[in-house]
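Think of it as A, B and C in the order they're written, each chain with its own count starting at 1.
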């Protein structure tokens, strides 16, 4: 058979390495489309002149564009038969990516755990995105719930990996070139608030909302060469429990990140992903809002930038003035994303 | 507070200068997306080879793409709490913009006039878009009706500026490089009509219509980093008088300009904006049509190009064979845009 | 009159040459948007590094992007008053096209045949797309049913051209640079199947489906500067037999080609178009599926690549596991496209 049916749970082997298909040269075309789809306004990624004054050779890609490009390649091999994307951990953006670079992805299977009903299992992978010289630009772990082809199939070896709850910020300090905090123009950047202006426990409602259309998430998800059919096949979707196309979870992350400019305008680059969970599904016609909480402020031995640990919560169809959050064991029903990440802020 | 609530009328001061956030390097990616969103077919902007033969170093950006990029930056500071965009005047495109250049915008508050009910006021700004060396590429005035936070708040100083009814065409003559009318290939450009073929009073129905989708205007407006929430938040829009998302007025201008190719194919570059008014709102699902009238033909001391003063009228859901226009004090209800501009045509 | 009413059947003359308007410089922006609209994953077009390792100077454009750009220019002159796009033949992709090149199109009228009722006639054209030096990059024949302005009008000279049923594969052999089959990394390309792995008669269901939105086909069709109003004017469309906007037939070809990656991942470049027919209309909301059949495998005197003759059938709202096909004189009602083409596969 020449078509890819996708791997089922029993097809994965602990420790195996999967070299994913379709390397991708990222371009200013991808950047423009990313801007049109999400509307980010971070000055470093928007202006070559601003980026150069600050210390970059030119504007780097939005880190989430890099993330989606690296992630998309894993879908045909890892999650074509997934029922749910359960979580992320140990994410690290190793260096800025620039237009013209070519990204490819390799994943290692670091964990396998069959469900008690033997219908499904959890697959843990560590995915590494590299440039054309093989240098790592991004790595992260994610785990997904994958169907078994045959409930009776035996699993060769199981293992639940022990993943860090939080990425050590010192490990992320080297991701950026030497920058100049003094050359960072806060007026052009849209906010006066620098590293020292954020305090642990501070919550910020990002105010604005964005209604999502089918065409938008489909264009985005194809741009990332993510092939999960739940996002594209509206006819097949009628027979699912949702009855319609499900929006790629990464679309929510990018929307929330773009909305977070209003309050976090100087949080100019992502550094690490500590944890992430797609709490609920998003559908076309829904409106996304977001709020953030400062979880930690870390000095990393640099005089240009510090790291903020932020929690970004996205909701659908409910503004975030009341900071919809966890409720008991679960979440407020409006919450769709809970992402815990490290990001750089100028001093 | 770290989020931007937008300025209210009493927050503006006559004579103040606002340096807007988020400089933007424009790229061939932006150009492609602009083409996909509006479908312009002007040869100068479409083909580097055509532009070079004519005398440009390469294809410049569509002038309206420049306009939207410059305009978008002003929204968070000027019109986040605006109730209406009332008009434009004294617009001048100072030179062509090319991919790779970085645009930023500064606005000066040139007028303030409180409404008699003290609930709102009109803010007049002159916005100047510049490249990374600070050279002006575009300037224009606009005035918007802005809410007051507190109707009782006093206004420091009021002033209604005196704005030219028409930009002097001689002031626009230097905006283009030296071109060669003989090298302008009318067959490749799509029309045989040159400067001398247009006569004052001539009206042209542009025939074609374009139905607008939510995804289209949202992608466009985000591309321009215009953050006005009325364009994006479908949930909040339910509580407005329109009950749905309002389309960015500039979207109409770009659609009408692209439609005007059919009849004005050689009107290859904008020079100035004399006046402009968004007469009515546009919503997704509406179909836009346009017609133009030649108001003046101006010699500007160049042997390559002349200037046409054109009036471009856009309608919704009504073809323009009957030239829907002003009616009494108002307009035919189908009219949504009335724009008076200068543009270059080869001799 | 300055607007283009389009040619009617009696306006065409056998043997005349039409130089079409609006040359176009293709860019990485066009490539990104094409990827977002269709989701192709062919490694040669996606990665400069992959393309270079294989023997290209860099990633070429997707051949269908070239096709649409060349085709779009012909619409205002050839098919503005067309009732149907009847067929394609003798298509040849002469060399890869790269970002930065400028494409323009010239068509020759090679056939004219009035319908017996004298209301319409079939126009046959051979369209040639060239780069800025005039070198041919693509040529193909198509024939369309065009309305007469006046049923009584006489036709100067009629002729039905004799078109090849199949393009000779030997004529297509020189379209590619010297490549290295050994350097073609099938793992990165997404499939182990090379030229020798395909057999005549083999059928492949491409499994995945793609639901199409109005915004998507409109953005695509404008990107290609195709102006046929049936694709854009939703208001006028209400009075047509379909009652809604009709999707550009080329949109179906690109969707089906992108879907065909799942089964034909190494069919990395188009070579020729033998025949093509838009069997049925596609509308927004429909879901497109596709299947392919191997019609022939041709050695072309190269040790790097061979040619497969493939038939690509697209359906709407019906998955292709049962290979919906011709039925009697017609087709299964789900079929919307039947395309017979030659394409390159590494050995």
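Please note the rule applied: contacts are C-beta pairs under 8 Å (C-beta built on N, C-alpha and C of every residue); 3 or more make two chains touch, one makes a residue touch a chain.
According to UniProt, the chain labels map to these proteins: A, B, C = L-erythro-3-methylmalyl-CoA dehydratase.
Please read all numbers here as calculations on a predicted model, not as lab measurements.
**Q** Upon optimal superposition of chain B on chain C over Cα atoms, what rotation angle is obtained, reported to the nearest 5 degrees?
**A** To bring chain B onto chain C, one rotates by 120 degrees.
**Q** What's the call on chain A versus chain B, same or different interface residues, using the half cut on shared numbers?
**A** Chain A and chain B contact each other through largely non-matching residue numbers.
**Q** Could you give the separation in Å between the centres of chain A and chain B, each centre being the mean of its C-alpha atoms?
**A** 36
**Q** At which residue positions does chain B touch at least two other chains?
**A** 27-30, 32-33, 213-216, 219 - these are the residues of chain B that touch more than one other chain.
**Q** In the complex formed with chain B, which residues of chain C make contact?
**A** 2-4, 19, 21-25, 27-30, 32-33, 76, 100, 102, 104, 132, 213-216, 218-223, 225, 227, 229, 232-236, 245
**Q** Can you list the residues on chain B that touch chain C in the complex?
**A** Touch residues, chain B against chain C: 27-33, 35-39, 41-43, 46-50, 59, 187-191, 193, 197, 204-211, 213-216, 219, 262-265, 285, 287, 317, 319.
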